[in-house]
Each structure stands twice: as structure tokens, then as C-alpha cells.
Amino acid sequence: MTDPRHPRRLLYEGLLRRALLEDLGGAGDLTTDAIVPEGARAEASFVARGEGRIAGLRVAIDALRLLDPTLDARIEHGDGADASAGARLAAVAGDARAILTGERVALNFLGRLSGIATATREIVRAIAEHPAKVADTRKTTPGLRLLEKYAVRVGGGANHRFGLDDALLIKDNHVAAAGGVRPAVERARTAAGHTLRIELEVDSLAQLDEAIALGVDLVLLDNFSLRDLAAAVRRTGGRAVLEASGGITLQTAPAIAATGVDLLSAGWLTHSAPALDVALEFEVRSGG
Amino acid sequence: MTDPRHPRRLLYEGLLRRALLEDLGGAGDLTTDAIVPEGARAEASFVARGEGRIAGLRVAIDALRLLDPTLDARIEHGDGADASAGARLAAVAGDARAILTGERVALNFLGRLSGIATATREIVRAIAEHPAKVADTRKTTPGLRLLEKYAVRVGGGANHRFGLDDALLIKDNHVAAAGGVRPAVERARTAAGHTLRIELEVDSLAQLDEAIALGVDLVLLDNFSLRDLAAAVRRTGGRAVLEASGGITLQTAPAIAATGVDLLSAGWLTHSAPALDVALEFEVRSGG
Amino acid sequence: MTDPRHPRRLLYEGLLRRALLEDLGGAGDLTTDAIVPEGARAEASFVARGEGRIAGLRVAIDALRLLDPTLDARIEHGDGADASAGARLAAVAGDARAILTGERVALNFLGRLSGIATATREIVRAIAEHPAKVADTRKTTPGLRLLEKYAVRVGGGANHRFGLDDALLIKDNHVAAAGGVRPAVERARTAAGHTLRIELEVDSLAQLDEAIALGVDLVLLDNFSLRDLAAAVRRTGGRAVLEASGGITLQTAPAIAATGVDLLSAGWLTHSAPALDVALEFEVRSGG
Amino acid sequence: MTDPRHPRRLLYEGLLRRALLEDLGGAGDLTTDAIVPEGARAEASFVARGEGRIAGLRVAIDALRLLDPTLDARIEHGDGADASAGARLAAVAGDARAILTGERVALNFLGRLSGIATATREIVRAIAEHPAKVADTRKTTPGLRLLEKYAVRVGGGANHRFGLDDALLIKDNHVAAAGGVRPAVERARTAAGHTLRIELEVDSLAQLDEAIALGVDLVLLDNFSLRDLAAAVRRTGGRAVLEASGGITLQTAPAIAATGVDLLSAGWLTHSAPALDVALEFEVRSGG
Amino acid sequence: MTDPRHPRRLLYEGLLRRALLEDLGGAGDLTTDAIVPEGARAEASFVARGEGRIAGLRVAIDALRLLDPTLDARIEHGDGADASAGARLAAVAGDARAILTGERVALNFLGRLSGIATATREIVRAIAEHPAKVADTRKTTPGLRLLEKYAVRVGGGANHRFGLDDALLIKDNHVAAAGGVRPAVERARTAAGHTLRIELEVDSLAQLDEAIALGVDLVLLDNFSLRDLAAAVRRTGGRAVLEASGGITLQTAPAIAATGVDLLSAGWLTHSAPALDVALEFEVRSGG
Amino acid sequence: MTDPRHPRRLLYEGLLRRALLEDLGGAGDLTTDAIVPEGARAEASFVARGEGRIAGLRVAIDALRLLDPTLDARIEHGDGADASAGARLAAVAGDARAILTGERVALNFLGRLSGIATATREIVRAIAEHPAKVADTRKTTPGLRLLEKYAVRVGGGANHRFGLDDALLIKDNHVAAAGGVRPAVERARTAAGHTLRIELEVDSLAQLDEAIALGVDLVLLDNFSLRDLAAAVRRTGGRAVLEASGGITLQTAPAIAATGVDLLSAGWLTHSAPALDVALEFEVRSGG
């Protein structure tokens, strides 16, 4: 299965290049260059060491292809697949040095992204009986946002803002700077124009009422109790999208989703999900 | 306390710049620019929300300074400090827009690096009664290796290779490609010259004996049992540095360290340590 | 007057640097370096040669500051001002070589951006008695979108999408690829999530009805007659934002705005507005 | 017909890449990725909507090829052709998503460059019976100089300096800084060496005489009357190339050219020529 | 003495940054960071170890300033000075770590550029009694052309072309491709326009005559004997600039210059001149 | 023969690109573009003009391939070969314009790297009867270290540190800053961890004794007399690698090597070796 919104290679190629150069350092892969004959061929398999939702397999293969543009790859469990421990995700064949040199960078991407997809999948499953969606945040790893948000989608989650420029999210500090919720929302509306949505962070039901009255598109309910979340849903009556934020875990998510909010957003999906253990198993084929 | 080996700003400034541009997107911080008056000043505090070892505070402040070069900062619990939940790490004062715009990027660095330092500290403490050291690996986040390895040092750990170019680590695939341990080590020695060390990964005591006989500098004992680790220490008798790898956790570490190995290396320090929860609390001061 | 949403320097500094290097070429400003003594000081004035709305003055000064970081500048008619021919926009004082070398690049930015702001102002004034807004498009100069869209705002216009990533605009080709309006909108809604708006391009009233029924946020009425625009406004009844596109000129705009549409979008604001004539007048002061 | 001096792709590939990334933003083409199936193929035609001289068609196609390296293209009216409204310039076939995503950037280049070529062609035709040539200036769009000067050549014009480094042009401010025309020219000659030409800007016939006496290669006659231009030609007698500058329009050009000057230079060719209206018409072919 | 055409820092700052990052590698200056306390101050002197013409001192200091922007520098024998062995060129004071870390990169620039300036000075002196000038070529170190050509000027030499774009130099292969000297020169003239000069490489007096007849601006006499050089000067009679190329050494230069040619060009000035031995002598001042 | 450690293209491709753009300047290869028909094909041969050890041939060909990706190349005397004057190193066939345009950059790399390899070979041969090795230093050309150190290997030399990050080299200034040899070495050992070696620069036998006592891995004997070098070898008795530095020339090297030191390091291999004279001889084949 291929995710319908895999990012274009142009968007992450520079990132792959920098990651490889970071690992190659000033002198390159001394070990491989010393030991493996130039021109030797190898076959290798990406293998999952733990169970999880795969994300980043094409990215990992693209990393290898920056070292061997003619690398052959056959995907068996691609992005979006749930792979059991031991499953072969893909088989690659190409220049032995290129594969050995690129192995770690390829796996660093694949393990991290699959970890995020797996964590997202878990919480999506936990609230599957409710209409609420799981969303990410901007608490992503510097430089990897595009890919990490892709991994969230692969896990079944929804993407919140990609950056400070694709929606307006008014937080308490903005409100303080504006001297109140009303002037803050009004200034935001002027800036937003017709194509952008406005979200307001509130920490009480009273503020929620004000937000609804001002007609904001989304309301971020920050650390609301279950009782207040339920009250918020009732009072809003569909006039705004409601996002619950703060304290979302596998344990708490079902009850929160049961309150009827539209979104549960969790920063740890991208900043603290453990990596999935994946490996690249080699079979060197022929001398150079 | 200041860590004696904080990376030079020149080494990570490009990374900070890319991270900020990633968040600013094509149009910048629409919310802040719409709501906060140009020229407004703000004071804010970096505050720990959980207990942990702080790492990345100067990096976070440098991120803000790319937006406001005249930002004032006073550090209270700097890199290397163990901060309790609620502790103020630093106070900053400067352009209100700059601080609001840079907040998330600054925290993304600080939270991740402090998370790594904290995880490292835990395992270092767990084996404190043994002479063994805790080391990182190359399983780092693409693009962040310099900073993540710095965070490991702040946590009391030691750095293994920074890249493929600063030591030779011969793995099973290299051995297979060379047609045996001996030719692999010999080719590596030629390439290593006088300034680089050679490490060999082994998975049995027999291979260890061969490694010692060949005079390699370090031996990576891959997934050895406690019994075999102890045997390896005895057989080696100090002729090589011994590194235990695989299955190192807070629980297993003390027993592994007790075998007498020199190093315990763990990839999860950098790829799966949860971020430390840190926040930036604002007090907007004056209009523009 | 300062526009409240001037882009941050971090967002366009790389562009200024590339523009200066483009002009300096491989050997630098041969004429100035040969003739003007090192260390000579100069005062100069940015002067409008024609009447217009100023935009890009701070950008132009920032260009000079990349060559002389200590340059002094005093703004008299800044971004957003309507300057008459002959008006002094700003006075600068600094290194004579820096100012002479940076002059052309600074003026190239200032003239282009002021030309866009002036053209936008004209059409905004032409429809001032109507509530409709003037909007730009993605038909911008490659590499200059951020600044050109800023110039449109300075001229009183509104910004449409900054890029392919901050709203979904479904065009006829997308509809064809999806096999109809309904599947296209449904797929877009899934991708849009909660923070992004969806716009649909239609070329008939029948398509408009379908769009309204599907609940899209904005409808782009492509080359509609005045009669059809008015009909569209009536049928829509405020359920979607209506954008008139195609054939918007100073002459046609008032009648189009009078139909009651919300937005008039015009690509020529950014791709064909003539530059405003601005100059930098020097007074060399002292030898080096 | 192919222009004999099309710039090498290496020279503008970085520019294309930046332009595409500018449009893709942080998340890519949300609309296309949501709606068009991965792997779908499309055919499309570049079509002129107005009459004009085509320039930038290969550049536009190269933009698409950064998204689909295997894109097929068949050029019908290439750079240098005069296309009537409705003429098909080229047919392309390739990945449907790539073509849809790259469309706007490709057209932004093609429209702008063809607009410049068309404007240049008009003024070249207006003075066709005279030997004088039409030349551009350094008043180009930041970042696009290489391509805009190419478009001028395609329109039949000549290129003046590409940058501050490929000839010396002494302006009034340089003369003032040097303390007179003679020292300015002498210093310039020392710097110019044997491979570079020297041009002097003058605003009176007296200054022209001094320039000729000093043996400069070109003289820029700034805002001379027709009478003075004719006098300048007589006095110079071929000893220097004469360039008329200021107030060159389609209307004034013939009389100016008739005075016998060698060059008419006009900044508006590159900073104010309206874009040519070009479109990309699609025919989606097959699902993915 | 300061050379009047020192390149602007903007032109070489990126080069300095890359050179420092090349030396810092992935982990920075491990030795200095380990041993020298943070905040320690140092004074150091750039000292010539051999006699030579200094070039690149400001460049070297700028390299250190990328590591310590507040570094103090006092120049004693700057670019253009002839320093005896042991002479102090400049004294710097600043952060001890920054100076130690940047030392090698700073010296690598200074030694190479001073070597080029010294070699140029020698050959300029050797032909001092003749009017001929010494010129460089495009046989420069990749990436360093701007600075190496600056060093040639500091040595008293003249700069030939900076790149393929600032004059036309027709070589034998171009002539072959064009099918003769005449078509080659004619095509070149069309492309050159009014601001660029044309040079033709010839290898016989017959070709020289053809070149003169075609009115080229410069003629490159490739490996002519002294007798033929003298004949070339007589035949040309000042109608073109004559450049002798091939076999120019300190020994041969005087006789070649005596033939009356205008230019002697020598690639070895930039590709084979030995570096001048320069050192940075430290005095560490105070702990951190 | 192919050197077993040729750097990966990914490591130097950016350098090639910058070198080509440096030569192409803002307008490209005016001469070739004007004269050689688009699409013309050419064959050309890289030919040695002097005898030497070839290094950089693949790099040179890669430079041409950035201009013509389909260029055909057949290597006859590749990197590591000793070519006599007149020997053909490689034959290439491809786009005539590409080859002419890239010629100078390709040769600049090839000539410099072969010059370094040849100089290294000479000194390696001079000490061939001794076990000592010849090593390079960090005195390399800014930006070219990777390739220059590769050339040293091709010449038979060994590589010392690639950068400040892959071994610790304690110099006199470090010792002074630490307040003695002992604290300097101790701090270095802490920072070095298990994978990096430590070298200490000494200038007396007494310091050597201290170094040996402290267990450093390498000792740099700075400007020792032959007598002291021999004494150093005796005293050390194999407990550390000994590196002789200072005054290493073809003449002095044999006697120095005869003392029994392990390494002779010489900066001039990379900063002052004259380039090998290589040329590219063309045969234009067919019109475009």
C-alpha cells in the first residue's frame, strides 16, 4: 500500500544529502573504503526487528540512491503496512560500498519515522470507536517536520499546522499582547484573509464562549478536565472545531475522545515516540 | 556549570537557521505579526516542567538571537545542571515578536537535548560504582548528531564515533566482504594510519581471541551474555578496550558493567529518549 | 507609517545576499573599487522620481547594510506612504563604496515592490465604495513571492495562497483527474484536515451550485460575465467566499466589485506592474 | 529556431529549484497530492494566449523535469519564435502530479521571459532601419539577471554589462569621488587592465569632449536632447561607442536611433515589460 | 599600504566559512575545547618566517573573526608590504579558543596568497625596465580565484579574465569548430556586443596577420620564439594588445619583455607558486 | 590501477559545482557559446605534458559530466599510474560545448592533484629503504582538503588528521594554556574517549620523556636534530609513534628516516607542490 501523499523527493533530497555528509564527515567511510573492493555488489534486506507501522521506507531507499543511483529496490511491506517482527520490508541490490556506507543514515530515517507512525497508530486505534481524530503539533525534530508529519499521516493521524504560516493560532501570550481576546481575534482576522483559518487557545469555558461569539474556526482547549471538555462540546454545538490538548496518552485518550471533541493533539507523537527497531541485513555477492 | 566542550556556534548556526525557516514557512509567523505590535518588548523565562539534566540552553537562546541579535539572556540553570520541575533555567528579554516567533524552535532543541542528557544521566548513575562508561552510537537524528552527542556528554556519557571518518569499525558485513577477519583488519590498518583507532565487532569468544591476536584497539561485543562478557574481560586482560552493545537498559546496565567491560553503548540514548518538558513563559512588557 | 506585517529579515536575507553576489560577479565592483578611496564616507537619499505607494524601503536599506553593517538610515516616507515625485524617502550615510556598490540592487528591489504596491493601490481605490477586496495570485516572480505579496498588502490588497501548501485550490484539471467535482472535493477534504480551507474553481453557475452543495469554503469564478457574477452572489447567499478571476483591470474592476463578490484576484499585480522610478542621489563626503 | 546562446542548465538549475521549493512550501502541493492518483500520466500543452516572442520555453520545461526527470517534451514554437495567440509552443507528457505541481512555476518563468523578449522585439523593430542596437541595463529582477538578459537577446537586443565586474562604467558619483573626470578615468584604466572596456557617463557635450580626449571606449549620453545626440555623434567621429540613455520608448526610439548613436539602452525592458500570457492545458490520461 | 581593490568581505565570507567548517569537521576542535578554558583570552602575532610580499592578511583576520566577532587586530605589515623574515605582520587579541581553532585556516589563506604575491613580485621586478605587464590566467585553485587574482594584483601583476564571461578568448579549438579564424571572430563579435573585448590565440605570424586584419582587441601569441615575438610586435604596430604566453619564467621573462609585447601571462603564478611560510605566535593571557 | 579509497562523488560534487560556477560567472562561456554550434560533438584526450603520478582523473571527468551527464570516458592511465610526458591519460567524447567549457576547471583539479601525488611519490621513493612513512598535514588548500589528502595517498603517503575533530594534537600553546604537559594530556584524555588518539608536540628530549611517561599515542618531534631524533627513537622504544616534523625535504628525508622515526610529515606536499602540466587535446567531430 502506498500512502497517497508521500512527499516529493525534491522536498527532502537536501535533507538526505546533509544527513549523508554529516555521517561521511571530512574523509568518508574509512572502514568500507578500506575493506570492500570497489565495484563489489551486494544484496541486502530491510528487516523489522519489532512490530510496527512502517513509514520512511522510500525515504531510506532514496538515501541509498544518493550513493548508488542505479540501486535496485523491491518493496514488500511499504509505508503504511503493519509489519511483524522479522518481516522483510524491502530487498535492495546494488553497489556494496554504497549500501554499507548509507546503511546507518537510511535506518536512522526509517526507524524514527516508523516509530512515529507506530505511536500514532496506537492512539488512533485506542479511540477508533469515536469520531475524533488524532493530530500532531509543531513539536517536531528541527529539520524533519515534513517527514515526521508524513509519518503521523501514515499512522492514521491528521496534521495540524505545518508552520507558523499556514493558519493562525492565537495563544495566551498573543492575547496578552493584544490586550484581550477580542482585539487579538480581530487583528488575526484581518491578517488571515479568506484562505486561512483562525484558532484560539482557551483555558476556561468562559473564554470558550468568547471564542465562539467571535466566530473563530477552531478552539484549542488547553488542559481541560473531562467534565469541562464535555461541557465545551455542548456549548459549542458544532460552531467551531474543538481540539483537546494536554495530557493525551494511550490511557487517557479514549475518555477524552468520548467527550465529543473533534481533535486530540499530542506533541509526544513526534518528539518522544521511541524509534522502531529496523535493520539492514547484507549478503555480499561479488568482488570488484 | 558550563560544559567544557560546548560546540562552537559556527557549527550549528546553519542548523538553527534552517529550523527557523522551516517553521516560518513562506509567509512567516502570521499570528504574531498580526497581533503583537512591532517594537513591543517582552520578558520570558525558560522553565522546566519536569525534572532533568539540562542541555541545549545556549543553543535555544542562540535560536532566539537569530531573530533578535540584541536579546538579553541570564542563565540560572545552564547546561549540565539538574533542574527540578518548575525551576527557571534562564530569563530572556528582548523583542516580543522575536521571542514569540522563535519559541517553538528554541524549545524543540532544548527539550530534545535535555531529554537525551537526562536519559544518559540515568544510566550513568546506574553504573556509577563501576569504572565502565556509557557511550552513544551513530543512531542519531539526521542533522542533529553534533548536538545530540554533546547532550550525551552533558549527561555524563562518552562519545563513540562522530562519523564514518574518525575511527574504523569493522562489522560482520565488512568481514564477509574481505573474506575473513584477518584480511579485514589488515586492510583497515593500512587505511587507518597512525592517528585512527580500529574496532572490530565480534559475536563469539573465538572471534574475540582472533581480534586480540590481531591487535585491534577496541572490540565490540555484540549481544554477549553476561557470562561471555565476563569471559571476554578475562581473556582480553586489558589488551583492548571492550565495548558491550545490545540490550543495554537501565535494568540490565549494572550487571553488564559489573562484568568489567569498558564501555556500554546504547543507541536509544539518542533515538528514543523522551524529550524533557520545557516551556517558555512570557510577560509582555510594552507597546511598540 | 510602518506596515504591521513586514517580513522578518531572516526570511529575505538570503535573497538579498544572492542578489548582491549576482551583481558583484566574480570580481566585484571594479569601477567603484578603482575610483573611490577605501574608507570614504557618503550621504545619499532615496528619492522617488514618480508618484507612488512606497514598499521595500527597509528591504533596500537592508541590502546596503549587507555591505556596510554600520550604515545609518533615516526614513522619511516609509513603506505604506504615498510619495509624490521628488519626495525624499530616506537618507542614508555610510561607507561610500558600500553605497555605490549596493545602489542598483537596492533600487531594483525598491522599484519593483513600490510598483506592485502602487498598482494594487490603484485598483483598491477604484473599488473603494464596495466591500470587495483585491487579492494577488501565485503568478509572482520566482524567488520574490514573500516580498511581492508583502507589497500587495502595502498597497491595500489581500494575499491569496502563499504556496501550494497553505490552502487547497481545486482546478479543472484536478476535477478531471478525480473524475468529477464530488470525488475531488471529498479527497481534498480528507487531506485538508481542520486547519486548511478548500477552494474550487468553477466556470458555470451549475458548477457553482455543486460547489455550494459540497460545502467548499471559497469558490473561484473563472471568467464569469457580470451577469453571472451577480447571479452567483445571489445563489450563494453567503455560504461561501466568492472570488472573481479573469479580466480584472482598473476599468472593469468597479463593475465586478459591484456584483457583490468578495474577492477580485489579479495576477498582473505581481507579474506585470511597471516598476516605480526611484533613484539614489549621492553626496560624497570625505576621503578615506 | 534555437538561440545560439541559451544559458547552460547548470547556471539556472539552482534558481529553478529554489522557485519550486518556494511554491511547494513546507508541505508540498496539497491539492494535487490529495486528488491526483500517484503514477497517473498526463499530456499537456504550453499555449500562448497572446501574440509574442517566445523565450524561456526550455527553462520552463527544465522546471517540470526537476519534478519528473523522465518528462517528454516536443517543442513546436521554441525560444525565438514569434507565436500568435493560441499557438501551441510545446507538448509535454509525463507524471500528472509533477506537471500539475510544476505548472505555475514553469509559467511564471515563461511568461516573464517572453514578455521581455516581446518588448525588446518591438523596439528593435521600431529602429530596424537604423544601425543602432537596443541594449538592456542592470535594472533586472534580483536573481533573474542571467535569464532576463537572455530574453533580451532572444528579442534581438544586445546585452550591456552582466554585473559590476565585466566592464567599468564611471558615473557622476564616481567622478565626484575622484575629484574630476581625468583622475576617475585614469584610475579606472589601471584597474581595467587589457581585457575590460571603460565607459563614462556624461551629461553635456563638454564632458563628451573630455571623454573622447581621454580615450574611453564607450560614452553614455544621459538624457541628451535629439539635437545634442546628433552633435555628439558628429564630434565623436567613431572614436567611441555612443550609448543613448533615458527616455527611450517605442515612440521616441526611431528619432533617437536616427541621430546615429550606436546603442539605445532601456531599463524598462527588464523591470517593467508586462508578462506574456501563456497557459498549460492538460489532458489527464490514465490512473496510477 | 592598503591595496585599493581589496575584495569585499561579502565575496569571500562563504569561502571562509566553508574552510573553517572543513577543518572543524563533525565535532569541532577537540584538542582546544578539551584543554583551553572557556573564556580564556589570548594575544597572538602573525609572523613571517620568510621574506615576501604579504597578501591575505585581512582575509586571515576575517577568518578568525568568524569564530570571535570581537577580535581585536592591529596590522603592522599589511597586504602589499614586503616583509622580512621575522617581521610581525599583525597582532591580534581575543578569545583564546577562537584563535587556536582558527589558526590553521587563517594561515592556509595567508601563506598561499602571500606566496602568489611574492612570486608575482619577483617576475614583475625582473621586467621592471620594460613597459610589459605580468598577467595571471584562469589556472587558479578551484574556489579561490577571487583571492588568488587579488594576490596577483598585490604582487604588481595584472588580472586577465576572471571567468569565461568577462571577455572572449578564441582558442584553436574554437577556430576549428567554427571552420576558420574569420567565422570564429565574426561570431564572437556578435556575441561580445559593445562592452566586451575579443582575444584570439595564434600560433604563427600568418595567423597574427589575419587576427590584426579582423580587428581583434588582443592577440595571444602561444609559445612564440623571441624572434617571432619581436616580429609580431613590429607587424602589429600597436593595433592590438599582444600577450606572450608559454614558457614565462624568471629567467626568460626579461628577454620576452624586451621584444615589446604588452603582456606576459603565466599560469604558475597561481597554480605552482610555493606558499610563504607564516606563523601565528601565541601568548595565552588569562583563564576563563 | 584504481586507488582503493577514491572519495565518493557525493563528497566533492558540491566543490565541482562551485568551481564550475566560479568559472562560468554570471553569463557563462561567452566564447564557446558564440562559436561552437549547439549539439556539436567532440572527442578529446587528457594528455600529460610532464612525467608524474596521476591523481584526480576521475574528479576531472566528473567535472565535465556536470556539464554533459552523458559524456563517455575511457581511462588509460588512471589515478595511481606513473605517466610519462605525452601519455594519454583518458579519452572523452561528448558535447563539444560542454567539454570546451569545462576544460579549464577539469585541468585545474587534475594538475593540482597530480602535482601533489608526484611530489609525495618522490619523497616516498627517497626513503623507500626505511620503514618510515611520509604523512601530510592540515596545511591544505581551503576547500580542497579531501582531494588533496587523497592525492597524498595516491602518491604513497599516509594521511595525518583530516580535521580538528579526528584526533587530538596538543601543541605548545595548548600546553601553555593548560599550565603544563600533564594537565594538558589529562584533559585531552578525558575528551578523547576510547576511539581517538592523542598526539603531543615536543621540542626537547626531556619533553619526550614526559610524553612517554604520560602514555600519549604519538609524539611530534618538532625540528629535532638528527642526533636528537635518533635519541628519541632509542628512548621511546616503541611505546609511542614518533613523527618528525620540520625541514623535511627530498634531500634531508633519507637521513631523517634512517633515525628510525615512524613518520615524516611535510606541509609543502599540499601547499607548495607545483602542479603537473596536463592538457586536454580536442578533435571537434560534427556540427550541431
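The letters A, B, C, D, E and F name the chains in turn, as written, and every chain counts its residues from 1.
The rule we apply is simple: a residue touches a chain if its C-beta (ideal position, glycine included) is under 8 Å from a C-beta of that chain, and two chains touch if they have at least 3 such contacts.
From a predicted model like this one, the values you see are computed outputs, not experimental measurements.
> Which chains are in contact with both subunit B and subunit D?
Common contact partners of subunit B and subunit D, which must touch each of the two, are A, C, E, F.
> Note whether the interface between subunit A and subunit D is symmetric in residue numbering, meaning over half of all numbers used appear on both sides, and answer same or different.
At the contact between subunit A and subunit D, which are copies of one sequence, the residues are largely different (under half shared).
> I need the pair from B-D, A-C or B-C whose contacts repeat those of D-E. Over half of the residue-number contact pairs should coincide.
Equivalent contacts to D-E are found in A-C.
> Among the chains, which is located farthest from subunit B on the basis of C-alpha centroids?
Greatest centre separation from subunit B goes to chain D.
> Please name the chain that ends up farthest from subunit E once chain centres are defined by their CA atoms averaged.
A
> For subunit A versus subunit E, what separation do you get between their C-alpha means, in angstrom?
Once rounded, the distance between the two centres reads 51 Å.
> What whole-number Å value describes the gap between the mean CA coordinates of subunit E and subunit F?
Whole-Å distance between the two chain centres: 22.
> Which residue numbers or ranges of subunit C touch two or more of the other chains?
Within subunit C, residues 5, 22, 24-30, 33-34, 37, 101, 145, 159, 162-163, 165-167, 191, 196 contact more than one other chain.
> In graph terms, nodes being chains and edges touches, is this line, ring, star, complete or other?
Complete.
> Spell out the part of subunit C that touches subunit D in their complex, as residue ranges.
Subunit C reaches subunit D through residues 15-16, 18-19, 22-37, 40, 42, 96, 100-101, 104-105, 107-109, 111-112, 115, 138-145, 162-171, 173-174, 176-178, 183-184, 187-188, 190-192, 196, 268, 271-272, 274-275, 282, 284.
> Under the touch definition given earlier, write down the residues of subunit B that touch subunit E in their complex.
Going through subunit B, the ones touching subunit E are 2, 4-8, 10-11, 145-146, 149, 159, 162-163, 165-166.
> Help me check something: in the complex, which residues belonging to subunit D touch subunit B?
Of all residues in subunit D, those touching subunit B are 22, 25-26.
> So in the complex, the part of subunit E that touches subunit D is made up of which residues?
4-5, 133, 135, 158-162, 165-167, 187, 191, 193-197, 199, 218, 241, 243, 262-263
> Within the complex, which stretch of subunit F touches subunit D?
Interface residues on subunit F, with respect to subunit D: 17, 20-21, 24-30, 33-34, 37-38, 66-67, 101.
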